[in-house]
Amino acid sequence: MTFPLLTTVLFLPLVGALILIGFPRERENAVRLCAMIVMALTFVVSVVLFFLLFDSALPQMQWVERAAWLTSLGIYYHIGVDGISLPLVLLTTLLTPIAFLQAWHSIEIKVKEFAILMLVLETGMLGVFLALDMFLFFIFWEVILVPMYFLIGVWGGALRYQAMIKFLLYTMAGSALMLVAIIALHFLNLSPDYGGTGEQSWYLFDFYRLNLPISMQKLLFGAFFLAFAIKVPLFPFHTWLPLAHVEAPTAGSVILAGVLLKMGTYGLLRFCLPIFPQAADIYAPLISTLAVIGIIYGALVAMVQPDVKKLVAYSSVSHLGFVVLGIFSGTMAGIQGSVLQMVSHGLSTGALFLLIGMIYDRRHTREIADFGGLWKPMPVFAVFFLVAMFSSIGLPGLNGFVGEFLILLGTFEVHRTFAVLAAIGIILGAVYMLWMYQRVMYGDITHEANRHLKDMNGREIALMIPIVVLMFWIGIYPNTFLRKMDKSSAHLIEQMRTQRVLADHQAQIDVQMPGPTK
Amino acid sequence: MLPVVITFILGALVCGLLLGLSRFVGPRRPNAVKSAPFECGMDQLETPQGRIPISFSVIAMLFIVFDIEVAFLFPWAVIFRQLGFVGLIEVLFFLGVLTIGLIYAWKRGALEWD
Amino acid sequence: MIPISYYLWVSALLFVTGAIGVLLRRNALIMLMSLELMLNAVNLSFVAYARMLNDMGGHVFVFLNITVAAAEAAVGLAIILAIYRTKETVDVDHLSLMQH
Amino acid sequence: MDGTAFLQGTGALAPHLTVLITGLVILMLDLFLTERSRFLNEVVGLIGLALAFVLAVLQHGDPRMVFMDMAVVDNLSVFFLATFILIAILTLLLSASFVRREDIASGEYYALVLFATTGFMFVASAANLVMLFLAIETLSIATYILAGLHRQEQRSLEAAFKYFILGAFSSAIFLYGIATVYGALGHTNITQLAATVAQGDMSPLLMFGVALLIVGLGFKVAAVPFHMWAPDVYDGAPTAVTAFMSAGPKAAAFAALLRVFYQGFGAEDVAAQWAPVFAVLAALTMILGNLSALTQVSIKRMLAYSSIAHAGYAFVALVTLDALGAASILYYLVAYTFMSLGAFAVLTVVAKQGERHHAFSDYSGLASTNPILAAVMTLFMFALAGFPPTAGFAGKFYVFSAAVKSGYYVLAIIGVLTSVVSVFYYIHVIRVMYMQEPGEGGSPIRVSAVTCTLLGVTVLGTLYMGVFPGSILNLAERSVALLFS
Amino acid sequence: MFVDFIIVLAKAGLVLFALLNLAGLLTWAERKQSAVMQDRVGPNRANIGKLTLAGLLHPVADGIKMITKEDFIPEGANRTLHTLAPAAALFPALVVFAVIPFGDTLLLFGREIQLQVAQLNVGIVYIFAVSSLAVYGTMLAGWASNNNYSLLGGLRASSQMISYELSIGLSILGIVLIYETAMLDEIVRQQGELLWGFIPKWGILLQPFAFILFLGAALAENKRVPFDMPEGESEIIGYFVEYSSMKFGMFFLAEFVEIIIVSGLVTTLFFGGWQVPYLHATGDVIGFVWPFGLGVLSLPQWLVALIQVGAFSIKVLIGCWILLVIRWTLPRFRYDQIMHLGWKVWFELALINLLITAVVVLCW
């Protein structure tokens, strides 16, 4: 038995949280430090995993751990990682400490609770990406809502109640149906009629082997899709997002945009496509259409936002439209691009939210109209903002470009129209971002309060540095990442292809030998 | 069954007869003083519809419970010898529980009259 | 010999009468009496069935039910009494503290 | 019955008798206790219950009929016995300081709790419909009194009265059902009902009786549309009693449902008649229970409706006629016991002297005045809402699994969606506690050591059953196995 | 069938007739008895011509007086219930006697006639049930009179009655335990047997304690002195204060009928009923056996029956007389003493008696 590396990554934050419970509440700095150390440790472990230990030549899950949990129902503690989930794990472990660091001073009340919740949240997010058992996956998926609820509800803005209730109910409504679908899959797997293993199992890859009738696939696909689409959020399920983003504290927004939304796209990629390949094929045009609508709609709405944070929030809708588009293109390039774009978007949007948070800490406003000419008092800030913005727009040489390019490439192979329309979205994205940047940074200082704003301090720069480094790294040499996800993506596509072939084969048999109709 | 019915009818007849006699034979000259409630010559202060002492209700409830106890013992007593020792033990338990109830009521003052 | 079904019908009738009494009457005491009526209607059923089946069980059950009815009556009376002592009424329409 | 059978039967009913005798001992003991030594009531009660628990657990094994086939000892009854004793223990812990604070006669209180528990236990062991009826009456009568034990409080009396009238009403219906089944089948022995049904055809008389049984038990579990008594009663009764009522009688009623409808009328053709009815009841209960809970301004009343809703979930499992379903009912009941008693324990503490503080607004800012209390309450709210990793999630998961397994997709979907609705009102409590400033009088509340113990136990139970649900579910599955052999 | 009917009718009519007349006589006897005890003359005025018959005409005169008095109902009283109450008091007293056997069988015209109106297998339960109904009369009378004192008197009376009913039941249970039957004729028949060959198996010998308990409780149930607190005609106003005319007479009558019934029950349960010691009933041949087997004497069946009925009647009359004596011997209890005695002494004693009897019966 090898060292349970993944379990370490997964539960280190939770252990940290438990330790923190014992801390006296007045020792705020000690609490912060302890949480930070735990997060940093987690990050280090995941970095080691990513760069040193992960074997990118293998398509399968690696570092798999499996332990009996609820044996009577065949539920296992079963985790593993492959090229698709590993980047997201790294993204999570990176963004969490950064978000926490950002909140070092801006969160002043209930610091202990905040730290604990952040740690629990980290475990939850990691669990979603690592779980191979569907039950386990669902548990983590739901657990995340609890800390997120508190993050928004306790430390959020004026409309936080509305925001969190909306966030919670949307997400839960979606996941509730997914739960039923998961249970249904479990029992379908039990019956030999659908190519299941016939054993009590919630193992993801057992479900891959299922060969379900189309009608059933459609229903189950719908249940899964709804849960993920709300999380992504895909147009028209996106209405919770702007509110939640705006009302959440900066750290919450960063996590929300940086990681949580990726859980939706990750779910689509990991579950919806491979388990229900035919349903996915059938619905791909529809979903792609929604994705494209989302891209353009998000961009257009972002353009007219007076609030910077809201603007970035809507930009997320737009950007994640790309990811979904890429996933449902079903091509190698599309999928690889999507995974990469997930990471990129996490970095760029995360960075933007962090920067907005910094300015909000200073000015306590986010209205574009309240700013202008920030370049002068805060040059460093302006530079970082510029980089983050370019990354978001997808400027070549920065991370955003690679992902979007690959997605467009992949989509172009199958749906030219969508690719063209999505490209328009990119242009629109550039428009609203640049326009916003212009209004905020350039021109004269219209408000006296802005004149003496302090520039970024050492801590703020420190937390931005790793993000910017990664942006450039991915932008210039994406192969580090692409190589890792290469085999896994190919494997995924391969699996779906064999599924289709199998299903077609079955259909042919059915046609040739019409049996007794049911 | 028949003798009981006949007895009942006869008993009812006697009662009816006596009631009827006093109703129809006796004179009938009511006046206000006569039909006023009899309170040793005093005027009635209030009609009896207020509260009654709680102890009466408690006694009534206790009676219900213990009367049932007695009712249960009748069949037991008739076939007691067939039941044997087991029957005795069971009834002891039954009576024990009820006795505890009685002790409880006693100690709580349900049987006190002032 | 009166057929069993007659007893059953009477029992059903009494039961329904009791049920209606519980549901419609507003006087707590009458409701209590209706409840007792329902229980005793069932007893009638039990006895009729026991006679029909020639089974002693039914008769025994009646005994038990009588006990239950007695206990229920005692508790019911106690509750009604307690209410009466604080409210001076046994009309259930006055029991509406919690209807908001 | 000869001496040996008598002794055997007494041995089999030892846990029941232990609880009963403990109750009687307390009743007597209390008469001789002074104010200072009154804690002995609780001590004696706990000792007796612990003893009964051990005795109950020792009894698992093959089914055996005792007392002239009136009672049965099998794994199912043992599981329920353990559950009921657990409920009683928790209730005792929950009530210790409550009873003292509210000046409720503690001897009577504990004795009645134990009598009601005896009733529960006999429900679990009943092998005869009449026995079942008697057991239900035992527990009901004890709970009627408990509900009205706060004699100075009009709401308490009102609750007791409503509970009494509708409880007795449903008992009568249930009894009528028993009489009808007796008439249709010729006996009332639950374990032999199945065989008798299998021999004869299903007469309309039998169906009528079964329908009456459904209605009667429906009242007892407060399934919609037979639930109208529940909110008022739960609201008006003293909170500790409400806690007890939300867990105990409900569990007992499910024990009765399992016995009657799984063991007695579990045959396929009969089940085909009642299962759809239960399905409708389950759906209505989930929907209406949750929707009504949404609009409440009192947390106590909200929990009352939520209790109705939770019965709906357990009902879903009942429809399935499946081993997993039956096991999940048991699991759910235990899980609900922890969650509900825990939540009500917090309620008793926050309500303060005189029980005036049950409104949502009374909880505002609880997180700043009493952080631990708020955290505990949060856990219970999340558990009741069904978030992982708590017992509530595991319970719902099993229930819905059973539903899906048996093909009741619609029920499962209604279940999960109503759970989402329920999140709304549970979350509201948390929101008030954490996201509003404490109002006036928002001072730290002293929580007694006993209550702390209870909270600790319920928290641990809720979490343990959520993280490692397997052990209890295994037990439950083994317990229900006999229903499907 | 028709003959059966006639026979039953005759028996029932006879019993009722005897009861009512005896009750009337008892009113006279009571007054005479009190006069004797207080060294007075007693009733001696009522006459027909010169004929006073030692005051025996007084009961008749009382009856006529009551019938001709005005029957008024107080203002605000519930007329129906007010009228019903005396009937409810008298009726149970009248019908209880139906199950008490006043003789063995009588062979008449080849027909075996049971000297008992109704031979019920639940005779004791019947007595128990029917005599309980008397509470309604008391309760209704008190309640329907619209008078505070009536109400209180009624409440007290009914509380007292139900309290002592428990003791009655429990003390009878001892007898049931011993004779293993609830049929009164069977109980009497068993009392004809001999214990160790020479002691009659009478209830008083086997259950002496129960006898005392039963008698005391029955007195209280009957609201006789010393338990006459609820009515206490000499100074307290009881539940029938608002009754006049024959309605009052009915309460009065009921009391005396109850005396006879108590006496009859005591006779039946404890004093061998119609049994005459050592007088055996074996087929149609009667053996009169001296304790040490001195000789056998046969009597005709009708004579035996006559002796038995006579024995029963004498026993009852003696019982009645004792009850009357008690009435004029003892002072009255206070109400709290009555209830105290009933619940805290009599009930427990009866319970203990029952348990001891059970243990003894089991070990016998």
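Letters A, B, C, D and E mark the chains in the order given here, with residues in each chain numbered from 1 onward.
Criterion: contacts are C-beta pairs under 8 Å (C-beta built on N, C-alpha and C of every residue); 3 or more make two chains touch, one makes a residue touch a chain.
Since the model is a prediction, treat every value here as computed from it, not as a measurement.
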Apart from subunit D, which chains still form joined groups through touching: A | B, C, E
Chains touching both subunit B and subunit E: none
Co-neighbours of subunit C and subunit B - touch as defined: D
Far-end chain from subunit A, centres as C-alpha averages: E
Chain pair with the greatest number of C-beta contact pairs: B-E
Central subunit by CA centre of mass proxy: D
Gap in Å, rounded to a whole number, between the CA centres of subunit E and subunit D: 54
Chain centre separation (subunit A, subunit B; CA means) in Å: 80
Between subunit B and subunit D, centroid-to-centroid distance (C-alpha), Å: 39
Inter-chain centre distance, subunit A versus subunit E - centres from mean C-alpha coordinates, in Å: 96
Residues of subunit C engaged with two or more neighbouring chains: 71, 78
Touching chain combinations (by label order): A-D, B-C, B-D, B-E, C-D
Subunit C - residues contacting subunit D, complex: 8, 15, 18-19, 22, 28, 31-32, 35, 38-39, 41-42, 45-46, 48-49, 52-53, 55, 57-58, 61, 64-65, 68, 71-72, 75-76, 78-80, 82-83, 86-87, 92, 95, 97-99
Touch list for subunit B against partner subunit D, complex: 85-86, 89-90, 97, 100, 103-104, 107-108
Contacting residues of subunit B [partner subunit C, same complex]: 51, 54, 57, 60-61, 64-65, 67-68, 71-72, 75
Interface residues, subunit A side, partner subunit D - complex: 25, 69-73, 75, 135, 138-139, 142-143, 145-146, 149-150, 153-154, 160-161, 164-165, 168-169, 172-173, 176-177, 179-180, 183-184, 186-187
In the complex, subunit C residues that touch subunit B: 63, 66-67, 70-71, 73-74, 77-78, 81, 85
